[in-house]
């Protein structure tokens, strides 16, 4: 999994029927220091994440293993909202810190 | 999922029998600002997309989860036509805007 | 899917038993202008492709969805021989043109 | 599989229910000489690895093939703690050496 | 699939129980001219390959399609030992040549 920051939303009315009711969020993957990288990914939200939150997302077939994404044409899912992570003993991020 | 702009079409008459009747579209992935990047991908159309439209596409095994691509040798599918997306409060794209 | 040009062949006599009878072709992926890129991939041929032809290939689990590659340890398959593709109204390639 | 060094931990209380009880570790992939690269990955621990250890991790659907990750939305798993590896006859790493 | 040269071995005693008895080999992927590239991958051996041999390896879920890797947490497998490959009519490699 990788860490991403939720930065936006995406809306589509004309889509595969299996996607009805799912919410698309725009993520910017961050590096291990919590800094944004230049890329992005559009993921389906399985945990009620909001803009500004740091989340963990899974890609590929693993993105279909949550209850909301089961058997959907979805290759990226937000499956956890992060409280904190640390590297080499240093806390790199803490929610609402 | 990533965002792509439909830029062309591809035709093949000699192909695996499971691909009969499916439509191949050529996409250029775009960045988060809706600008084209240098790469491309050929995807199967599951939503009736046309040249010039901005779409969401899924790759890998997730590309086989739409009704039209089920069990097909397809690793990229267009599964949504985008209305709009926004990042950090700024609208980056709106259909027919 | 991506577009590749068939540039060669690969032979192996000592291989997993599930690969018996399958043909390995060497592909060079091409860009959207039909120009070769620096990389390559070895794919199993599901459509009778020959050296010099431009083909469409699928990767990952989707490469096992053709009749010849079903349940084989194969992560790249040629599933279509291309007749033509066009981008922004310009034909970039036509077979035997 | 790739080799990674465990460098940290990640905590999430709000997550998909299938992730309950699993432990997230932060890895830095290393090169063949055991030197850290600039990237990272968050993996689920299936073998009781600790910070500082060199481990083998699998990604994609293969990450769901351990007992602890079966059917979970997990795309990276630590499935082995490394004792040693050698390249061209030179030992590149030995645990507790 | 890609071509790799077997350059070493990796040993792990503490690992997921499904990996018992499998052999880990260290590969260096090679380019189409048989020259080593800077990267590596650790793969499970399904064909009895040895150090110095050029092999074909499959990644992702396809790596679990050999008899020895079925349902294992393995994302890379050596499934063929290469005899020869040629590109544009030139032989690039021949075993024991």
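Every chain is named by a letter (A, B, C, D and E) in the order it is written, and numbering of its residues begins at 1.
What we mean here is this: a contact is a pair of C-beta atoms (placed from the backbone, for glycine too) under 8 Å apart; a residue touches a chain by one contact, two chains touch by 3 or more.
Just so it is clear, the structure is predicted and the values come from calculations on it, not from any experiment.
Any chance you could name the chains that touch chain A and chain D both?
none
Roughly how far is chain A from chain B, going centre to centre by Cα mean, in whole Å?
So the centroids are 20 Å from each other.
Can you give the whole-Å distance between the Cα centres of chain B and chain D?
So the centre of chain B lies 33 Å away from the centre of chain D.
In chain D, which residues are in touch with two or more of the other chains?
Only 60-61, 63-64 qualify.
Going round the ring from chain A and on to chain D first, in what order do the chains come?
In ring order from chain A, with chain D immediately after, the list is A, D, E, C, B.
Which of the residues in chain D end up touching chain A in this complex?
7-19, 24, 26, 28, 40-43, 60-61, 63-64, 71-76
Can you name the residues of chain D that touch chain E in the complex?
Against chain E, the touching part of chain D is residues 1-3, 31-32, 46-48, 56, 58-67, 69, 77, 79-88, 92.
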